[in-house]
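What follows is a pair of complexes built around chain A, which joins chain B in one and chain C in the other.
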Partner chain A sequence: MKFYINGSAGVSPFLGLGEEACSIPEEGSRFARESDYKQVINPRQSRRMGKLLKMGVGSALVALKNAGLEKPDAVITGTGYGCLQDTEKFLGVMVENEETLLNPTAFILSTHNTVGGQIALFMGLTGYNFTYVHGAFSFENCLVDAQTFFHENPKAQVLVGGSDELTPTSLQVLEGLDCAPDQQFGEGAGFFSLSAEKTEKSYLAIEGYRVKFGTTNDESVKQMISDLLADCDKKEEEIDVVLSGTDIELAFPNAETIDFKQYTGVYPTAISGALLLAEKVLLGKASALIDKKGVERVLIVNTHSDEGASCMLVGKC
Partner chain B sequence: MENLIEDLKKQIIEELNLEDLTVEEFGTDELLFGGNIGLDSIDALELIVLLEKNYGVKITSKEDGKKVFQTVRTIAEFLESNK
Partner chain C sequence: MKVLISGIGVISAIGSDVSENLHSLKNGESGVGAIRFLKTNHKLPACEVKMTNEELAAAIGLSSAEGYSRTTLLAMKAAKEAVENSGIATGSAGFISANTVGGMDRSELAYEQVAADQEQIDFSPFTTHECADSTRKVAAFLGLKGYQATISTACSSSANAIILAAKMIEQGMADVMVAGGVDALTKFTLNGFNSLMILDSEPCRPFDDTRKGLNLGEGAGFVVLESEAHLRKRGGKALAQLSGFANTNDAFHQTASSPEGEGAFLAMTQALKRANITPEDISYVNVHGTGTSNNDASESQAMLRIFDQNIPLFSSTKAFTGHTLGAAGGIEAVYSVMAIQGGCVFPNLRFKEAIAESGLVPQTEFKEGVEIQHVLSNSLGFGGNSTSLVISKA
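The block that comes next holds the complex of A and B.
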């Protein structure tokens, strides 16, 4: 199914909130670029928010503003880790105070659906609101849900986003587990206002996507990409840039291949950061990261250990 | 009493993350709820935990809470009378 992008925003090591163009992440930095959230979130409302909430809610509000949309019909968010900072705070106080005198705020904000909930509270939304916590496929499953929502509501406007945060503690644990050797862990948020029908605000389209769960190998990933191209009625020659988040060697005749995780870092919803990067590449706002110009179509490919693989085709519309 | 009021202001600002407020700007007789400070029900819970944790004082009824949490001064007076 084709989704039209009508507005987007995000925070990543290569992009600050509201910034037009990508820039090279600071050397050695794994954290999202510092952003002035007070521009979009009232300080009184943001005072309880941890980093993930500021990144997620801030990105959502800017994406909706860019789409000229006051109230989306549905909010679908994805996160692999959830609100780690608040969870750590809550658990720390629980240990420190021997399970008495627990502060309510950290507990309330520690649940995985806090980003979706806060977006709804901010905008007074009472419609469909769902959060997917499906590891490395949390964002992809948001798209699956958006697709089913569009089948029932073809004229709907849906806000879809993925967000994950990195804390000093989680970084220590992840590095200890050595689950992404030779790669840097990262964090970020990417939110997109989507519709199934083209609107006057539509500027790009997710032409199609495919998800493959479970163990994958070179052949199955390449087959998944071939199936996606067939779905979209596109040829390999029509791909200009491949944003790759996999070790599998991918070669297309006219495409420049870039490892997107060197810019987003490794985290469960990194593909939402890759989609943000694809958008900047297509709009000519990623010259600091990618040489190729006049890009019409970007293929994003992601694999995540034994959890599976996904791919997405994004183009101008 | 003045020291207690200043300590309370510092603790409230820190615990409730009132980033845009300083001790100097924090009026001792300013309404905590419904006024400029604009605290809400979650803050009330945080204040209950703060008083119990830092001063060993429990607020057990809604009526007591309403009286005690009017201003920083009413909190300080409550703590003084429950020493």
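The block that comes next holds the complex of A and C.
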């Protein structure tokens, strides 16, 4: 299914909230760029919010603002790890105080659907509100659900987004488990206001996507990409840039292939960061990172060990 | 397209399968008691599944529980029962699961080493931390090779998993799906709810005027959902039909429900509309009914707004199972199917006095010989997440 993008926003190592153009991530750091959340969240409210909440809710609110939308019909968010900072905070006090004298705030905010719930609270949204937590495919789960929502509500506006945070402890654990050898961990949020029908606000489109689960290999991933191109009635020659999150070597006749995780870092919903990057590439705002100009179409590919694979085609509309 | 339920599987404090759960529900045998397995300083009552991890592993034919979270073992047990009950070939079936804290039962123990800043830390238990871990392992264990998703919307999680599966079947994106959810009791959630001061130090009393809070539980509940065409083709049998559902948001407070129960009201209203039935058609409501002051008052108001003075038979089964969080919607969907199959309504244990403001009186005795046409099952959670399912006679 084709989704039109009517507004977006995000935070990433290569992009601060509300910034137009990408910049090179700071050397050695894969934390999301410091951002000014006051533009959408008043400091009294943000004081209690952990980093994930600020990144997620902040991005969601700016994305809606950019889309000129006050009330989306559905809010569908994804996160692989959820609110780690608040989870750790609560666990830390629980261990230290041996299960006594616990303040519930961190527990309340640790729930995986806090980002979605807070967006609903901030904007008074009583509609459909789902949170997906399917590891490296949490954001893809959101797109599938958006598709089912549009199927029933063709004129709807749906807010989808992915967010994950990196904390000192999660970094320690991820490094201890050697989860991403030779790569840097990262974090970020990417939110997108989508519609199934083109609106006057539509500036780009997710022309199609595919996702499959279980073990994949070179052949099955390449087949999945061919199927996607067939879905979208596009040829390999029409891909200008491949944002690759896979070890599988992908070569297309006219495309420059870039490892997107060098900019987003490695985290479960990194593909939502890749989608932000694809937008910037298509809008000519990524010259600090990618030389290629006049890009019309970007292919994003995401694979994750034996968990599955996905791909997405993004273009001008 | 009709979405039919062709299999059910459940594990909870009142039994390790459907027949044991039914036996306890019939006989008023609650699962609440002192905590035996979870290592905690609290002397609170809870509803633990009465099996160790090794016993769970053995029950599903695993040689060892090593490397599995309790969450995953509970999910494997109930999902396996649902699949076997339906008789589906698992090959192309999808798996939509849900939970709130993933493999926290292992992470919280490993975290103690991190907090103590030990020199040698065994990080391996964190590999099962993600909510998706149990989904992937159950899918691999049962050979469910279709679409996968994991949902986490607090206490409505597994009801929402059922919604997604139903939508995908209705829209022809899948023919058959296993959907539901799981949660294991953890120190993290026990202390979390305790810090919110909503745990009853006695067995909980949902919908009673003197209710003092909830008891936490653990378990898993899954249903097999199939398109009518798929079920017919393979000659399977429908146990019930999922005829309506809705998800809405209360948009009132991160943890508390609005006094008028707006989220629950909207969810029930829209679920009835989708099922194309009126409130009078509902034979039984399996309420969310946690036993907290706030939930039961709010849900009562929502019920009054829908049903006015014609309140159908209703009960909260959480006095049996405790609040199983991410598993609650799945377990209660299974109970709803059992109510239809058995023509019965399960009792709301320990109820004595109606809530003064609403006057609602639940069913307090096991009631048989009732024609159950449509069951409404509510699941309401943190973040304002509100879900209602309508499960009907097939």
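Note that the second predicted complex is superposed on the first by the 317 of 317 C-alpha atoms of A that agree within 3 Å, B and C clash if a C-alpha of one lies under 4 Å from a C-alpha of the other, contacts with A are read in each partner's own complex, and residues count from 1 in each chain.
The rule we apply is simple: a contact is a pair of C-beta atoms (placed from the backbone, for glycine too) under 8 Å apart; a residue touches a chain by one contact, two chains touch by 3 or more.
This is a predicted model, so every value here is computed, not measured.
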Partner contacting more residues of chain A (chain B vs chain C): C
Partner chain in contact with A:T131 - chain B first, chain C second, else both or neither: second
Which superposed partner A:V173 touches (first chain B, second chain C, both, neither): second
First (chain B), second (chain C), both or neither touched by A:N103: both
Partner chain in contact with A:P43 - chain B first, chain C second, else both or neither: first
Partner chain in contact with A:F90 - chain B first, chain C second, else both or neither: second
Contact residues common to both interfaces of chain A (with chain B and with chain C): 102-104, 108
Touching residues (chain side chain B, partner chain A) in the complex: 15-20, 38, 42, 45-46, 49, 52-53
Parts of chain A lying in touch with chain C, wherever the complex brings them together: 80-82, 87-88, 90-92, 94-96, 98-100, 102-104, 107-114, 116-118, 120-121, 123-135, 137-138, 141, 144-145, 147-148, 151-152, 169, 172-173, 176-177, 211, 213-214, 268, 307-308
Touching residues (chain side chain A, partner chain B) in the complex: 43-44, 47-48, 97, 101-105, 108
Of all residues in chain C, those that touch chain A in their complex: 40-42, 100, 102, 108, 111-112, 114-115, 121, 123-124, 126-127, 129-133, 135-136, 139-140, 145-154, 160, 164, 167-168, 171, 173, 187-188, 191-192, 194-197, 247-255, 262-263, 266, 381-385
